[in-house]
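Next, two complexes with chain A in common: one pairs it with chain B, the other with chain C.
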Partner chain A sequence: MSDDLMRIRQEELVVNPSNRVPIALCLDASGSMSGEPMKELNEGIRLFIEAVRQDPVASSSVEACVVSFSDQARTEQDFQTLANVVDWKLAATGGSTNLGGGVNLALDLLERRKEEYKRAGVDYFQPWLVLMTDGQPTTSEHISAGSRTCNMEQQGKLVVFPIAIGNAAELSTLAMFSKKNQPLRLKGLNFRDFFQWLSRSVSRWSQSRPGEKMPLDVEGIKGWAEI
Partner chain B sequence: MQNGSRLDKALAKYVIVLDTCFAMQESFDAFLQNYKPVLQRNHVLVPYRVVQELSRILDLRDDRQHVAEFTLLLLETATKEGTAEYRRDPEDDRVINDAVISRVVEGLLPRRDVLVLTHDSNLSSYLYTKTQQQSFRVKDLIVAGVNSEGELFAWGEHRQASNGRRDEGARMRRDPRRRVRSASGGPAPFALTNKLASSLGTPLSSRQAVREGDALFLKDGSRVTLRRVLATGGEGTIYELDDESSLCKVYRQDKLTLDRQEKIELMLTRTVSDPMICWPRAAVYDSDKVFRGFIMPRALGKPVPLGHSLFLPAAFLKARPSWTRLNSARLAMTILQKIKRLHDMNVLIGDINPQNILMEDEKTIYLVDCDSYQIEGYPCSVGTVNFTAPEIQGSDFRHFLRTKEHELFSVATLLFMIFMPGKSPYSHQGGEDGVTNIRKMHFPYALGERRPVAAPAGPWRLCWSHLPFTMKEAFNQCFHEDHRNEKRVSIDRWALLLQEYLQVLEKRSMVFHGPARQVGYDLSILPENYRRVEKDGEIRPQWPIDTSTDRERMVRQLVADANSAAYANHAGSDSANTAGSSYAGTTLTTQTRSVSARASGWTTGTSTPATATTHTSPPFSTGIASTGKKGSSADWKWIIGFLLTIAVSGIVGLVWYFWDPIVEFFTTLFAIAFWAAIICGALLLFSKK
Partner chain C sequence: MAEPTGQWRCSGASVVGRSHEREGSGCQDVWCMCRSNNGTGGVLAVCVCDGAGRAKNARAGAELVSSSLARWLATHFDRALFEPEDALYEAIFEVREAMGQRAEQSRESLDDYACTVVAVATRDDGQWVAWHLGDGGIIVQFADAARVLSPPKRGEFANVTYFITDADAYEQVDRQSSRTCAEAVPPLGFALFTDGVESRLILRKTGAVAPAVPRMLGWHESADEEQVSNAVRYNLQDVLRDPFGDDCTLVLLRWRLNSVPIDPVGEPDEQVV
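Entry: the complex of A and B
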């Protein structure tokens, strides 16, 4: 990471000492996502950023990172408060679906960011991992990644949302990533509604009291998921 | 007159306790004359507090001054004539105002019949309620006043007190800002008890569902119509009313219990006229006469909970860029005053947290959720982890009566979070649990000689340094594990400390605003530099040579730590730890010994311009203390080397001595010097590396 970027990241922690809500978006960029799906996904992300920016509390608290995976896992954007983010544009790079690699990379970035929080004395809420894929994983790395997320979930250190896009994605594979949350299938390509729900949930989360149990907006989930 | 003879009997036999407002009645003189023979045989007890009150009124020099003067005179005469007697109890001095009278009466009631002479309707109703509630047998209690002829009459349940406070409906329409004071000061305090109310958990069955547009009724039968829903919570719903200055909270049917009703009705026996405390004003019932909720005053304007405003400093400063440390200090004072008012009534808030305190500005705050307060045997059934004292973490608050000490922990936490905007004293929520940290009582901030210990680093240290030492000490007293079982700082002491802080902050010469390099308190709530003080003509801690702010240097340190952590490949490994500790223990640049400075530089691998310390004691000593580890190991090498040299050359010398005594003496000396040089040289090279 360039020196400037690193400095900005650390500065953010010092200048804005509010409690953080770290969100990791782990998104499928394989060949099958190219065209319409990727367009909708990008639009959804843009709406998410907009919505969070407009909430004064969430805009100081929410930090998002974006990891894309096709053949390889790639860091599109490391953890950063959304106020500073330049618009993201994911591109479908074609190729296979290295789901496990994507998750592992996202978790690594999360761990690193948590260390940075601890060094700077910044508190953070339970992180979220949003996992979206439209196909089957082509490597077997997802098994170890799945056990990693389940362990963290069990220790109360992570909240996982496995989302299936389209009909080719198997819910059973996604179920490996979370014991507490059932994997859900997105209604068509309804990324917008999903990201709107995400931004609202995240806003509420950032305003909650430490130790408070925030129930998820289950009603809102029906807006974008096929139940 | 039946009443009259009962009173006559009381005058002759009962213990007579006098209250200040009775004594200040115009006809008090006549009263004393009328009943003189009876009173000479059974004199009136005058609690010493009454005399103190009268003296206080005298000193105030307001329109009641002359009445007070005259009353004191009357009492003097009465004691001489044997109709009255002063009574002083050392206990009384610790309690305020009305509490003395009620305490005296409560102390007497189990054994004696009591006649209380008062014109305070609050006290009267309080005492009657108490006797009705008593679970043990009490003797008779009569509360009496005097009419304009100097004749005694008994107050009944429905008295028309001279400072009448009946008619809940009328009160609702009155301007809530008009202060209604009883003759002797604030509302009568509640009783102190450590027994839980027996009605806890007993459900009330209500047949009717209540919705917008429905009507509920007050005790006297008048209607209130529920308008728009303002908010819904776990306990119930809050509705707007036609009266814009009030709101109505209606409990959920499954949360409706007898203890809630009793608590509200108990709260209604006292008037809290402060509009900033949303105290219940009336209870509401449905048409089946079942208790459903209560009416409370509404906060004016659009105040925001502290948790969404000041405690989110970055966003808060964007909305209110002119908010300074001075505003925060004044805000703290306002909140403290409100809390004190409640404590004087023997009410504990219980769940002090940033969502229950709404802020409009530094002088205008609102305390909401008042029905959750702990009063007498009715507990506060909720709590917030961060504000709960370590010794009661994990308790079941529904069946638990808190103490003042527990409350003082919450108060201290709240004050801490005001000055360290939004930061709780034991950090870490999210992944790590706050409960463990609180139980451990790991309070990481620097105090005097003690260095900050491990995390958290960051901007909080800058904030901490801009607090005066007395306040840091007070926070330390409340939070640090060294003071685990000691008494916490009281509200009065906090008020004193805040007052001192305010005085300092209001002095132009002691404060400045912004990142400029100045000595004194930075008025910004997120300062960029540690506080500097001037001591013996020098500025401590010293300003570094470059022009960067402490905040910038902190960022650089964090970047360096992040990079070295990446280097070490695992965040939890050696380098990160040493990086952390060297950050925690960094020293000043120019004044420390070169060995220490170089030692710390060696650990991190970068030439870190040392960040300043956060307190004002002489930097030299801290420099040595903090890099203790590296420094002392170098010293040891010197000592060992020296001893080794002597030993080796001694052995060499002895060996040669036996062989050739004369010449070998000089050779021995040479050998010693030679070996000493080699060994010391080697050690020097080794430690310099």
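Entry: the complex of A and C
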């Protein structure tokens, strides 16, 4: 048989969707976030999207949603691969800090997305939850939301990053959301470095292979967190 | 089962994934073929292993496991067929013992040699045995169609799978054979592969097999094993390999009618690739 007859054409192979990394950004939009904090947060998100888009694997793998919380929890953006995002802008809506409502809504969106992946035959990585707040919760819902995230984390079904913005947010409250990743306080309003670090971390994660250990970039954390 | 009128042919190749190529870490996939004849017909056993990304000695683990298991299946085919649970337990026990000794000599842990397992043994009378642990998979070809025999074994998440070094490895192995198979007729071929090519061969949503698989298996009809292996290597390198993916291994076993037998008499004839 000639070599030409033993060449496979692309049309004879199948094409599956790329593996996905779902990431929920659960962000404080209470009154205290208005002005400079919200401006810097939006700039951080913009840089995050841009950085992920520049990575050929992550741009088609990383899918993010944005949930905001103030008086109410709200879906600002449903899950999208970041390659398709036009512009995400969050606004402080004033009022209180329904932290638990925000986390529960973000987890619901993650669960729904995973079901969609399963139906569509899309493989996916452990979801990530990024939780950022500058205040104390004003409802008690954060207690049940915290045990929900910790249970999922313990079963290896969720990676949680609790981040405090400013001094009003208590680390002890944020510690209720993760037993593995201790809460960290952002250096000033250094959202940019945080989101750059996040994009690098999630890009590496999206390329991890079965059985591969993927430790966090601890050195990188020093760039944006008060340690 | 029908009287033998031919012989099982085996070809395959492993190529380094582009991600490992960039890192300079080399190929951590290994496959091994072993032929024997124990008096009940010629046996061809193949084992494909993918060394775990986290394992310090991933390639050494894959080499040790693939050669040990291929040899075990070639030597103890009847046991694997008729006493599947005992045979599997014994084979895993023996392989892990060998791994443990190697690890102890080097003052390392068993997990430093972790790898997946995709193994098939076929006999000239059409009987076969398949063992599969972790990702990668097995496609079986019958006269009328090819289907997925054993899909990738993963946890819920894409980067979680099972390895022979896991405490529950025995429970996690997918074991099948001609005695448990729904189809009563002997298969024409098998394709064994690692996760580096899985996404090009199986449509995850439906389980459909890529048309390329039966065509590649058919190459054994008119080409010898070396020619087919060269073609598999070329296609892995230039067509199937993902730009950002893992190492790729594809091994093709095909029943070839009226072929000149390859002499398997005596000790199992082993070839590690």
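We adopt the following convention: the second predicted complex is superposed on the first by the 211 of 227 C-alpha atoms of A that agree within 3 Å, B and C clash if a C-alpha of one lies under 4 Å from a C-alpha of the other, contacts with A are read in each partner's own complex, and residues count from 1 in each chain.
Criterion: a residue touches a chain if its C-beta (ideal position, glycine included) is under 8 Å from a C-beta of that chain, and two chains touch if they have at least 3 such contacts.
This structure is a prediction, so every number in the text was calculated from the model and none was measured.
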Which of chain B and chain C A:S60 touches, first, second, both or neither: first
Contacts of A:V14 with chain B and chain C, given as first, second, both or neither: both
Touched partner set for A:E116, first chain B, second chain C, both or neither: first
Touched partner set for A:F125, first chain B, second chain C, both or neither: both
Residues of chain A contacting chain B in one complex and chain C in the other: 3, 6-7, 10, 13-16, 19, 56-57, 120-126, 156-157, 207, 209-211
List of chain A residues in touch with chain C within their complex: 1, 3, 6-10, 12-16, 19, 56-57, 120-126, 156-157, 207-214
Complex contact set, residues of chain C against chain A: 19, 52-55, 114, 116, 134-135, 154-161, 163, 195, 199-206, 208, 210-212, 215-216, 219, 222-223, 227-228, 231, 234-235, 239-240, 243-244, 246
Touching residues (chain side chain A, partner chain B) in the complex: 3, 6-7, 10-11, 13-20, 56-57, 59-61, 111-112, 114-116, 118-127, 156-157, 207, 209-211
Chain A contact footprint on chain B (complex, rising order): 307-308, 312-315, 318-319, 353-355, 384-386, 421-424, 427-431, 434-435, 455-461, 526, 551, 554-556, 558-559, 561-563, 565-566, 571, 576, 580, 583
